Each structure stands twice: as structure tokens, then as C-alpha cells.
Amino acid sequence: MGRNTKHKPHKKRHYALPTPGSSPGLIYIDENSLKPKITLYTYNQQTYKVEELHNLNGIKARTDNKDFNFWIEVKGFNSVEMFETLAKELHINKLILEDITRTYQRPKFEEYDDYIFSISRMLCLDTDGALENEQVSFILTKNALFTFQDRYEDCLDPVRKRLDLGKGNIRIGGSSYLMYALMDMIVDNYFSVLGVWSEELDSIEDRLLDKPDKTIMYDTQMIKRNLITLRRVAWPERDKMNDILRTDSQFIDGQIKMYFRDAYDHCIQIIDMVESMKEIAASNIDMYLSIISNRMNEIMKVLTIISSIFIPLTFIAGIYGMNFSREDPVTGKVMPLNMPELYSAHGYVWALVIMAVIAILQIIYFWRKGWFK
Amino acid sequence: MGRNTKHKPHKKRHYALPTPGSSPGLIYIDENSLKPKITLYTYNQQTYKVEELHNLNGIKARTDNKDFNFWIEVKGFNSVEMFETLAKELHINKLILEDITRTYQRPKFEEYDDYIFSISRMLCLDTDGALENEQVSFILTKNALFTFQDRYEDCLDPVRKRLDLGKGNIRIGGSSYLMYALMDMIVDNYFSVLGVWSEELDSIEDRLLDKPDKTIMYDTQMIKRNLITLRRVAWPERDKMNDILRTDSQFIDGQIKMYFRDAYDHCIQIIDMVESMKEIAASNIDMYLSIISNRMNEIMKVLTIISSIFIPLTFIAGIYGMNFSREDPVTGKVMPLNMPELYSAHGYVWALVIMAVIAILQIIYFWRKGWFK
Amino acid sequence: MGRNTKHKPHKKRHYALPTPGSSPGLIYIDENSLKPKITLYTYNQQTYKVEELHNLNGIKARTDNKDFNFWIEVKGFNSVEMFETLAKELHINKLILEDITRTYQRPKFEEYDDYIFSISRMLCLDTDGALENEQVSFILTKNALFTFQDRYEDCLDPVRKRLDLGKGNIRIGGSSYLMYALMDMIVDNYFSVLGVWSEELDSIEDRLLDKPDKTIMYDTQMIKRNLITLRRVAWPERDKMNDILRTDSQFIDGQIKMYFRDAYDHCIQIIDMVESMKEIAASNIDMYLSIISNRMNEIMKVLTIISSIFIPLTFIAGIYGMNFSREDPVTGKVMPLNMPELYSAHGYVWALVIMAVIAILQIIYFWRKGWFK
Amino acid sequence: MGRNTKHKPHKKRHYALPTPGSSPGLIYIDENSLKPKITLYTYNQQTYKVEELHNLNGIKARTDNKDFNFWIEVKGFNSVEMFETLAKELHINKLILEDITRTYQRPKFEEYDDYIFSISRMLCLDTDGALENEQVSFILTKNALFTFQDRYEDCLDPVRKRLDLGKGNIRIGGSSYLMYALMDMIVDNYFSVLGVWSEELDSIEDRLLDKPDKTIMYDTQMIKRNLITLRRVAWPERDKMNDILRTDSQFIDGQIKMYFRDAYDHCIQIIDMVESMKEIAASNIDMYLSIISNRMNEIMKVLTIISSIFIPLTFIAGIYGMNFSREDPVTGKVMPLNMPELYSAHGYVWALVIMAVIAILQIIYFWRKGWFK
Amino acid sequence: MGRNTKHKPHKKRHYALPTPGSSPGLIYIDENSLKPKITLYTYNQQTYKVEELHNLNGIKARTDNKDFNFWIEVKGFNSVEMFETLAKELHINKLILEDITRTYQRPKFEEYDDYIFSISRMLCLDTDGALENEQVSFILTKNALFTFQDRYEDCLDPVRKRLDLGKGNIRIGGSSYLMYALMDMIVDNYFSVLGVWSEELDSIEDRLLDKPDKTIMYDTQMIKRNLITLRRVAWPERDKMNDILRTDSQFIDGQIKMYFRDAYDHCIQIIDMVESMKEIAASNIDMYLSIISNRMNEIMKVLTIISSIFIPLTFIAGIYGMNFSREDPVTGKVMPLNMPELYSAHGYVWALVIMAVIAILQIIYFWRKGWFK
């Protein structure tokens, strides 16, 4: 049984659904939310500094320095005060805070006068191969980028490393380039996830051709569901990228759009690959079902051949096992019609010959029908 | 057998269909309509008052006071006079009254000079888990909101409570905000309903993996139908929200649109979840059908193995149960060709050995075919 | 067997197809066309008069009187002269006459300088429950409405009655309102038809759950086909209503459009219901097929349990029915290896015990596999 | 076995595919092309003349006479010179000549400065009922119409006859009307083809209900494929008609468009009918598959009932056929436990009674399960 | 077993996926990349020269000569320097170099100020019939065309030959015509590939009708997947052609667009053919599955007929093989109820007659059910 069968897939399906009746714009802190870890990256082409912050007090003043770009990374939502500080300092709309904290949002891109708000969904496979689907929210101002996620681990280390090394455009492209780099990193990760599933599909197909068993159906269905989840993320992600391409917001540098165009193409490739893998999965299932049917045919053929050959023979043997009496027990008179074959010198031989002939005729019949192939 | 199997689902399918040939714009009072209960909520930031009204006479004059906002809640349609009063006082089009009273309308949004008319569909699960699909109609004027429903129970209590407590924007956002709050409440309730079905799907999947039985098909189909009903409600609801977002009617406060945008996003999420649950349901059905097929294969394998092994053996036993006579009963001459095996010292042992060999060969054959796995 | 099974559905499928190569614009009189019955309704708010006409000569002059509205109802097409008179008097395009007489047109709406041309399709169930699909054509001038149908019976009596009684707007809304009333009547009738099918679907579902038999497939497929026919009518009907809503023709009174908007909503509801019933039909078929599969499993289980238990036992009985001889018939020497069990004092009892043990073991095995549930 | 089963359908699937790497605009003469037969029809309202031409030399000069309309009909493509003459005289683009001679084009409509180019696909059933799919190309100048097809037979005779008789608009509508008449004739022929298939579907359905056999699947699939081919022709044909309706080319007389509008409606009806027939075909296949399943169930029921009843009885008979000895052959002592039933006076009767009881119980069991219905 | 079954199809599925976290615009050299082979074609109407280049140094200066057109063909990517030279000399954007070297791009068309960038996908079947899916990238400047592919073999030889011979427009149409010729060549090759699959589908269908075996499912699924791959290439290819048709870039000669229009039509035909072949494949699969079902029915019929006939007969034989004793062994008294048939003169004959009657009745029963047909 494949790796996927050990854990129930729907354990991942629970969302932080809205509590019906709550006031809109309410900051929602899930009981499992993590304690916030805030990291401030201050950088320009020459310098690069990383600090841990305890709260966001005074963040507006700090990021007002136009000589630097800032990345304020917030991991863990378990502090209503933090969000309230943020709202107060940067004049963030409360509905946005709700969107950040209720982590079941679709990817989207919204422009406001003072900032840009965007959501990406980060997909990773955990160590069991189960799909994790985390929300990363972005607030972009002129020279600062805020990111929010309610988990400590993520797949963004390569970007941090590039930021540290200062390779490429990462430190000179401004905050919108950093946002692009992070979003692109997240989308690139979809490729890794697809790569893993693609290999699983290949291995399922190998099993299908070698020794198909019951787990094929289950494992394929699980991959299909995962693909559906990914597609549900990739479509709005593509729309988001398109929205970014078409915006004329001051916060997205015009020269950066070329890069978002590239990310947009990646989204389309993701969708393409998902569709193609879904078709491969469906084709595997079709093959599996036809293998089951063929196997059933084969089982039935064995049963039918053996039964058809031996049942008539057994009947003949049964005939000559009957005890009809040759002599009337009262008068002792011979009753010549009662099973005379039994008293013929070659009766047994003839019986065997007739049985053999019947068996051979049947074998020829089944052979012609092609049942032995 | 699951909870859903006890009641027939189609009992919920009956609509108050139009009586062919009736004059358009006719107020339609179903024979099961309830006696109207009219509640008037008068509120502003400071005050909040709830009154029961007996009829709508003079409602125009009462709601003309611009210092307050009004919510006139009508539950139960069994009074033609009430609707006629309403039509006369507020100059409501008769076709709208028909739409209110014939409760099979799709969600929609229509602008008129003096008011706005809108329809939502309220979905709840009753105590048996059956889906109830009620119509709530809204008429919004400058500072008054009329709501109409032909049932006493609903899912709007949290909004009434917020109105009572005066928390958030509910008392200061004006009548269009109240309409938003009620509509959003209704949409939020879709999430609760989906949550219940999602859990049912999970439990069906658990049964599927543990001990699949016939009810799986039925229960899954029932959820699928419910999902189809919900989708049929959610799509026009989304269109309605979009119409509200795009309207430039004076009755919808511009600042409130941001909230409707949020409700619009919720509708899209609902549709997303419905699609995803439909795919999960379909995938469960596929798995169930392949389990049936596999089980059939297994049954047939047992039958084939046992029959194939014992039928030939029984035939051999039958052979040596034949009564071919060793001696000619007339002449008494020995007929040596008649079943000489029976008179051999090791005949029985050899017969048993041959039977065992045949059985073992067959077992090896089936083993190799993988039928014992 | 359901009601639908008695008559072949395709008997309704024949259309009056175009004769290839005929000149376009040719009036086509089917050999089964009925003798025309022409009825002239002359009415205004005060008066209402019904006359039978023998032909349409002078119809232009009669309907020029602006004090009245006219409805000229033509039932039966078997008169080329009638159509030629019509064409000459009202300057009707020949292609329109062809459309009227070839009754396989889709619903449509066409504007011309002097009149409006429109087609509806009237659906009724005949006494056998078979769907009848008739064409009703409309020509609307300023104050006269011509309707054409090649059948005497129709479903428009309620409108005639309202016209007679003068209730509502029917006599004061002008000819375009009358056209609306007739079209709406026709669309309302779709609801009745759907209602009948909905009940049939319910009864099929009841049979499905109680005692599923072969007719379920057939009956459901017949309803599905009828639904497809209805959908094929409802979609262009919706488009037609939309065309009417968007026209700025002088013949459609602006105030009447609100009513057509209502009819448009009805069409959408029809389409919604059709889609939903199609899904219910498909779900019934899926359930039926899984019931067949389950039943097959059950049959096979019975066969396998009985065969598996008794075949080995029969084999054992066969063993001890063999006739291996205890004594060499020639020498009279005892051959102790030949079936010593037969001569043991408890041989029979042991044989029965062994058989019982085998049977019990198998029953336990099948019990564990859950085959008795 | 149906008519369709005798010939392989894919024999019709071969196209004159482009030779990869050939220069674009190359006139392609298939090796099977026919020798060209050129017919010149010269006509106006009064006159009508038909001539056979040997080549197209001087065709420009001949068709310059504005007093007449001309139809130059080219059947058979086996002459590169003919096409080159055409190109030179009328300044036809080489890519168009390639489109004319490579007869696998989709229906299309292209405007040029000096002429209009259009393609229709002519569908006929050959004598075996196989679908023939020929290309007819049109070049329309001010008063001349050129048609090209690589086959001598076609379905256009009714138009030639109307041209000969001068009935209707055919001689007075100009060359664009003639083009319409030919195109409409071709589309009308689709209805004939659909009519044949519709009857075949009906007869398949009759067989399905009377005595379903294996050919139903094959025959239905063949019709389904033919429908797909027809749909693939009808959609671009519809688009072509739409292009013609929207063009403002001088070569299409404005008054003729009304007729093209009619042809456009026909295309939509064709598509409608194709979709509906596809659904009927699918529904037939579904019913056929459920009939196979039901038949399997029935077969298994017979097997199970007979086996279940007789196998236990045979076992009992086997028991009393065992040869356990009543007396110890050595000591001669009676062994009373060995098969005492055999020596009871009513042993045989009791055995028969027990067998009968078992059989009756089983019959009752199967009766209750409803297996005898 | 078909040709396709020998190699696993997914071996072709691996893409050069982006390495998550790499800097965008990075030239990516796969470890399997080939050593670059650079060929420079210099040509105008009179002259034609082919040279091998070692690198691209000075390529800008060489291609500045407006008297000639240039085709610089780069095969093999294993040189970062080459790409950097290119970028420096022609000011190519780094993201484009990334697109060229990461060969999993979709067909696309992008305009820049100094050049045009486009991607085609070249499909060929290798000697095993497996589909190869290579990327060819184009950079077009005013009078030079650069092409890039990471393989030495391709399907472009016919174009090279036409260039050598100077036939048609190839040397006079400018660089954009050459680009068209290459792209059209690539698209034409899709037809060849489809032709091969079409023949395979035909041969599968022949096998299906002659002797259907298990490989049919697999082979058909493989073709279906290949078709899906081709469709995934053809759709963006069509979009690309459309983009080229709509561009107003100076690099695409206006007169050349007519040719691209032709290539666009080819793409649509490809898509049409793919859809049609997919439907044929699906129809083959449906037929195959119904053949399996029918075969199962046939197998079961054989089993049921033989079992049903012989099991009851064997039972009767078993009855008269029972050993109920005629005489009480103790008293020697005759027990007349114990199997009197055995001692009747015609007992055996009657037994045989009864058996024959039962068998004949059953045969008649099965005959009537149509099981022998």
C-alpha cells in the first residue's frame, strides 16, 4: 500500500472558516496560532542587516528612511495588539487584517491609496507527503514590504540567501522586486510539488503494469485530489499576476512588471501541467478498471473451463456408480436392461474413452474460442 | 445506514410554481403561508427599540424620520392586505410583490427609482440534516430596510444581537450596511452548511476505507445533490453581489461597497469549496465502485479456487465409485479390463496420491497467478 | 413498467425538414396540415368581440381602426391563399411565411420596419405523457397581433379567459402586452411539464429504493431525453426574451418590457430546474447501476458460499464411495491399504465429524470476510 | 448486424494532408484527381445557356459582359495549367489556389479586393451509407461565380434545375444569390444526412428494446462518429455564414443577406439536431450497457439457483453412497455406528424427504429475494 | 502487443523545471546540453553561403550588412559564453536567454524594441514511435534570424533545401518569411505525427474488431496521452500565430502576414483533428469495454448452461448410487421402501429417460432465452 494511504487526506481540508455572525473586519486569532516572530531586514545595495523585533511599535518611523528598503517578516499571529499597532501606524483597513488572519483566502491583489495588499498560497509537502497549504499575505508600501504567515517554516530561504549575498537584482530592485522574488519563489515551489506527484504517478503506473493491486485506485485518487487543490490555487494566482501586470499603481515599479510577466507564464505552465497530470491520472484509473475487468474474465474462464470439462465427466462416472440391480432380488431373474454396460468386458474402457473424447472436444471448443490465450 | 437515508430528499424539491395563466403581478398566498408577524426595529447610534406591529398602515410616515434607521421585518405572508398596504404606501411595483410571495426566485438585485429590491436564499439544515432553502427578500429605501420571509425561524439572530449591543458599524452604517450584514450572515451560513457536509463526506470516506457498504453510494449521492442545490444558489448570489458592487444607486452607500466586495469574495470561496467537495464526492464514488469490482473479483477467486481444486478430485473419486463388474455375471469369467485398479494392493493409496498431486499443482498455479494475495 | 415505456419516444422526433433544393421563401403546406380556423378578437377596455373569419381578405383595413386592439388567431395552415393574402395585405416577407409554415424553427425574435416577427415553442404532454412540441408564430403590428399554429388545441385558454373577463392589464396593455401574455403563458406551461417529470423522477426514485427493476433505466433515460428537448427550447427562448428586452422597436411598449424581464427570469428558472433534474436523473442512473453491481455481488456470494462449503464435502463423500477392494479377488488376500477407514468401527462418525469441521471452518471464514452481512 | 458494420469507417478518414516542407502556395494535384470538366452557365432573366469549356483561357474577357451572370463550374483538378490560367486572368492569390486544391480545408470566407473566396463542405452518404465529405470552393466576382470540386457527382442538381427553369429569384438575384443558393443547397443536404442517421438511430433503439445484440454498440458508435464529423463541419459553416452576414463587401448584395441569415439559422438547427442525436446515441449506449449488466445478473441467478439447490442434495446422496462397512471384515463383528441409516426401514424415504425439504427451503429463500421475478 | 507497449511513456515527461530560488534571468545549462554548433547562412536572391562559426563574437557587425539576409542557427546550449556574447552584442534581455535555455516553455510571441522573440515546439516521433517534444526559439531582427535548439537533429531540412535551391519566396521574402517558413515547417510536421497516430488508431480498431486483447486499452491510452500533449502544444501555437497576425511590429513584413494566416488555419485544423482523434480513441475504448462485458456474458453462459444441465443429472445419478439396504442385516427382512427403483426391471432405463427429459427441458429453456445465439 502506497505512502499516501497511511494518513487520511481530509485532515488537511479544515479551514479557518468564518464564525457566522461575527462583525466584519474582526481580527481573528485561531487558538492554534503561533506566538509572533518579527524579523526586520534592512538593506540597500551596500548594506544588509537582520534584526528580531518584539513588536511593531514605531515601525512607521523606522521604515520612513528612503535610503533603505525594508522587509518586515511576521510569522505567527497570536497577538491582537501587533495587528492593532500595524493598523494604527500604517492606516491599514480592518477588512485586510481580517483577510490576513483568516487564512483561507484565495490569492488576490488589491490596490489602496497608501499600500498594496496581496495574498499568495504557499504549498509544500510535509514529511508524510501530505500537502500543506499556507497563506502568505503581503503589504507593500513605497520602500517596505510586510509579509505575514502563521507558521515558522516556509520555502523562502533561497530568497533570504540571495538577499544576504546581494546577488542579482534582489537588493537594487526595490521592495516590489522583493515581493516579486518571494511570490515567484512560492510559484516555483509548485513545480517542486508537481515534480513529486509526477514521480508518484510514474511509480503508480509502473505498479499498474507490473502488479496492479487495490491501492492503485486510492493512491491515484489522492493525487487527483491534490492536483485539484493545486489547480484551485493556481487559477486565482494567475489572475493575481494578471492584475499586477495591468495595475498602474505607483508601488509596482514599471520595470519589474517584466518579471511578473515571467511569473504569469509560470502560472500558466503550472495549470498546463496540472491538467495534463489529471488526464494521466484519469487514464491510469481507466486502465486499472479495465485490468480488473480483464482479470475477472480470466478468473471466470478458469472456472468455466474446469467446471465444463469435469462436471459432465463426473456425471458419467455417477451414472455407472448407480446400483440398479441386475437380478430381481425376489425371483432372482436377470433384468438385462439394468445397466448392462457394467457387465460388458470393455465397459470400463469404453466409459473412459467416452470421457476422454468429451474432455478433448471441450478443450478444442475452448481453444477455438481463444480462451487459452 | 447514514442519517440521510431515512428521509426522501425530494420532499424538499417542491417549489411554489406559478399557476399557469394567472395574471402577472398577482400576489400569491400559499395555503400553508404563516400569519404575518411584523417587527419594527428603530435604531440609531444611541437608541434601539423593538416593536411588534399589527399591520403596515402608516409605515411610510413612521419611516420618514431621518434621525433613525428602521428595519421592518415581515415573517409570514398570509395577508394580502399587508402587501397591498405596502404597495400603496411605498409605491412598490406589483411584480415585486409577486416575486416576494412566490418564494422560488433566484437571488437577484434590481434598482428602482424609490427603492432597491433584492433577494437572498437562506440555507439551513433542519434537525434531520435535510437542507431547507428559504427566500428572504429585501426592500431598501433611504433609511429603512424591509425584509420578508415566510417562516418564523431563521439564522439571523447574531445580527439582531449585534444590533442590540450596538457593536461595530451595525448601528452607524445606515440601512445599506444592515442589508449587507444580513446578506453576509446568510452567506456565512452557507459555510456552516458546507462544514456539516464536509464532515459527512469525511465520515463516508472513513466508512469507505473501513467497511464499505451499500449506503455509501446513496449517502454520497445525497450530498452531491445538496451541493448542486447550493451551487445553484451560490452562482446567482455571486452575480447579485457583483451587481451591487457595480451599481451607482443612491441607496447603497459608497463606503459600504468594500464590505460587499468581501461578501463577493465569500461567494467565490463557497463556489470553490462546492466544486472541490463535488470532486471529492465523485472520487469517493469512483473508489466505491472499484471496491465493489475488487470484491467481486475476490468472491470469484474463492469460488474458482475451491471449485477448480475439488471438482477434478471429485471426478476421480467418482471414477472409482463406478460399479463395472470384474466378473461376467453369466459366465463368471473374469473381465480384467474392468477397473483393475480397484483390485490392486496400492490402488487406494495411488488414487489419493494422484488427487493430492492434482490439488497441489493447482494450488501452485493459482499461487503463481497471485490469487492468494 | 412505467407509463413511458409503452410508446416509442422517437415517434415525436420527426420534424418538417426542408426539402433540399426548394426555392427559399416557399410557403410549405404539410400534407397533414389542418384546414385554417381564423378567429378575430376585437377589444379595448370596454368592448370585447369574437368572430370567426373565413379568410384574411381585407384584414389590413379592419385592423387599421386605432380605437381597438386586434388579435387574429390562425389555427391550421392548409391554405396557400390565406398566406398569400396575408403577405400582400401586410407586406410580410416570404421568408417569414416559410418560417411560419415550416414548424421546426427555434424560438426567435426579428424586427422589421412594419411589424415584429417572433416564434415560441409550445410544449404540452399528451394523454400518454408524450411531449408535444408545437410552434406558435407571432406577427405584431401597432395594434394587431397575429398568431399562427397548425393545431386546434393549445394551452392558451387562460389568456382568452382573462381577455374575456378584462381582468388586469390584458385589455389595456395594448397588443404587445397581449403578445407578452401569450408568450408568458407558454413559458409558464413549461413549469407544468417540468412538474410532471419531477413527480415521475420522484416515483422512479421511490421504485429505485424499494424494488429496483430494469424499467428504471429506460424510464429515466426517457425523462432525460425530454429534459434535453426542453432545454433545447428554453435556451433560445431565453435569448429571444433578451432580444425583446434590448430592442427599441416601436411595437414593444417600453412599460411592457418590465413584464418581459419577468418572463426572462422564468426562462432562467426553467433552465436551472432542467439542469438540476438532469443531475438528479444522472444520479438515479448511477445509483441504479451500483445497485445492479451490488446485487451481482450478492448473487455471487450465495453461489460461492454454498459451492465452497458443499463441494469439498461431496468430494470426501466421493472418496468413501470408491470401490477399492479389500481383498484380492484372485488370491483372496487382504489388501490392508485399500480404504481401511471403511472397516473401522468409527469410520463413518469420523467422516461426518471431519465434514462438519470443514463446513464450520468455511462458515467462520466467510463470516469474517463479512459475506453474511 | 447493421449496415454500417460491413465497411471500416476509417477508410473515409484520410485527408490530403500537406506535404511537409513544400513551398506555400503550391498548387497540389493529387494523383487521384479527375480530369477537369468545365461548364459555363451564361444567364440572365431572359436567357440561359450551358456550354462545356476545354480550358479557362479568355475567361476574364467572357465574363466581363455585365448583361449576363456567369457560373463557371470546374469539376476535377487534374490540370495545373487550368489553375495557372485562372490565377493569371483573375489575379487570384496562389495561397487560394492551394486551398482549393488541398481539399481538407474548413469552411471559411475571405474577402479580397477583386473577389470573394469561400469554402463549403458537401456531405453525402454513398450507396453503402458511408459519409462522403467533399470540398466545394467558391470564387465570386461582380457578376461571375466560380465553383471548384474534385468530383463529378454532387447534390447541386436541384439548383441547376431551378436555374434552367428560371423559377424564383435564381436568375435575377445576381451571382451572390447563386452562391447563396448553392451553399444553402449544401447545408440543406446536411438535413437529409441527419434524417438517415436519425432513422438508423430509431432502428437501433428498436433492436435495443427487442433483442439487443453486440452490433448495437458498434453501430451506435459509428453514428456517433459521423455526427462528430458533421458537427466539425457545421460549426465553421455557421461561422462562415456569420462572416458573410457581417461583411460589407461589394460582392454580396445587401438584399441577399436576409437569405444568408436564413442559412445561418439552418446551421444552428443542424448543430442543435446533432447535439440532440449525440445525446440520444449516448443514452442508447447507456441503456445497452445496463442491459448487458442485467443479463449477466440473470445468467448468474440461474446458475446460482440451480447450483445452490442441487449441490447440497448431491452431497447428501454422496453421503449415503459411501461404503463404510457394517461388519468388521476380520472379526465379522457388527459396527453399529457405521451408517445405521442404510439399514433402517424408512432410511431412503427419510433421505428423500430431507432432500425435498432442503430444496423447498432454498426455493422459498430465493423467492423471497425476488430472484424468480 | 503494440509497439507502444515496450517503452514507458513517462520517460518523455521530464521537463527542465526551474530550480526553485534561482535568480530570475539566469542562463540555465542542463548537464546533458550539447556542445554548440553554430551555422551562419548568408543569402539574398542571388547568393547563398553556409559557414560554420565557432562563436558569436562580432555577429552584430556581420549581420549589419543590409544587402543580405542572415540565418544564424544555434544547435546545442553548452556554452554560457555564447549566450553572454549574444546578450551583449544584440542587447537581448536576460529573461529571454532564460526562456531559450529552459526548454519547457509554451509557444509564445513577444515584441521588443530591437527584435522579436518567439518560441515553437517541434514534435517528432523517434524510431520507437515515442513523441519527442523539442523547443525551438527564434530571435528576429531586421535582416537576421537566430534560431536556438538543444538538439542536432530536426525536421527543418526541407526549408534548408528550399533555401539552397532558392525556389519560391524563400530568399526574397526577407527574414520574417524565413521565420514563417520554419514555423510552418514545424506545424506541418504535426500533421505527419498525427498521420502516424491516425494509422495506429486504425490498426487498433482493426485489432478491436478482429481479436480484441488487453493491449488495446494500453495502446489507445498512450495515443490519447500523446494527443493531449499535442493539443497542449497546438493551442498556444495557435494563439502565437494570432499574436503575430495582430502585431504591428516592424520586423514582420505586412505581406508575410497572409502566410501566417495560412499557418494559423493549419493550427486550427490540427486542433480539429486532435479533437476528432480523441473522440475516436474514446469510442474505441468504449467498444473495447463493451466487448469485455459481452465476453464475460458469454463465458458465464457456457458455465451456466453446462452446470445447470449436468448438476441435476449428477444428483439423480447420486440418488441411485446410495446404498440403502433392501434387507435388514439383522433380521434379513425385506425393507420394501428402501430404493425399490433399483430392483425394478426398467429402473435404469427410466432413470436415463428422466435424465434425458430434464436435460432436454433445460436446453429448450436456454434456447428460448436466446443463450445459444
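Should a chain be cited, it is by its letter among A, B, C, D and E, assigned in written order, with residues numbered from 1 in that chain.
Keep this in mind: a residue touches a chain if its C-beta (ideal position, glycine included) is under 8 Å from a C-beta of that chain, and two chains touch if they have at least 3 such contacts.
To keep track of the chains, here are their UniProt names: A, B, C, D, E = Magnesium transport protein CorA.
Quick caveat, the model's predicted, so the values are computed rather than measured.
For the pair subunit C and subunit E, chains touching both partners: D.
Because subunit B and subunit C share one sequence, their contact can be compared position by position; here under half of the interface residue numbers appear on both sides. Between subunit A and subunit B the centroid-to-centroid distance comes to 25 Å (mean Cα coordinates, whole Å). Rounded to whole angstrom units, the spacing between the C-alpha centres of subunit B and subunit D is 40. Annotation for subunit D: residues 293, 296, 300, 303, 307, 311, 314, 318, 321-323, 339 touch two or more other chains. Read round the ring from subunit A, going to subunit E first, the chain order is A, E, D, C, B.
Against subunit B, in their complex, subunit C makes its touches with residues 155, 157-159, 161-162, 167-170, 181, 184-185, 188-189, 191-192, 195, 198, 201-202, 205-206, 209, 258-259, 262, 265-266, 268-269, 272, 275-276, 279-280, 283, 286-287, 290-291, 293-294, 296-297, 300-301, 303-304, 307-308, 311-312, 314-315, 318-319, 321-325, 328-330, 335, 337-339, 370-371, 373.
Put simply, subunit C touches subunit D in their complex at residues 8, 10, 13, 17-26, 93, 95, 98, 104-106, 108, 211, 213-214, 217-218, 221, 224-225, 228-229, 232, 285, 288-289, 292-293, 295-296, 299-300, 302-303, 306-307, 310-311, 313-314, 317-318, 320-323, 326, 334, 339, 341-349, 351.
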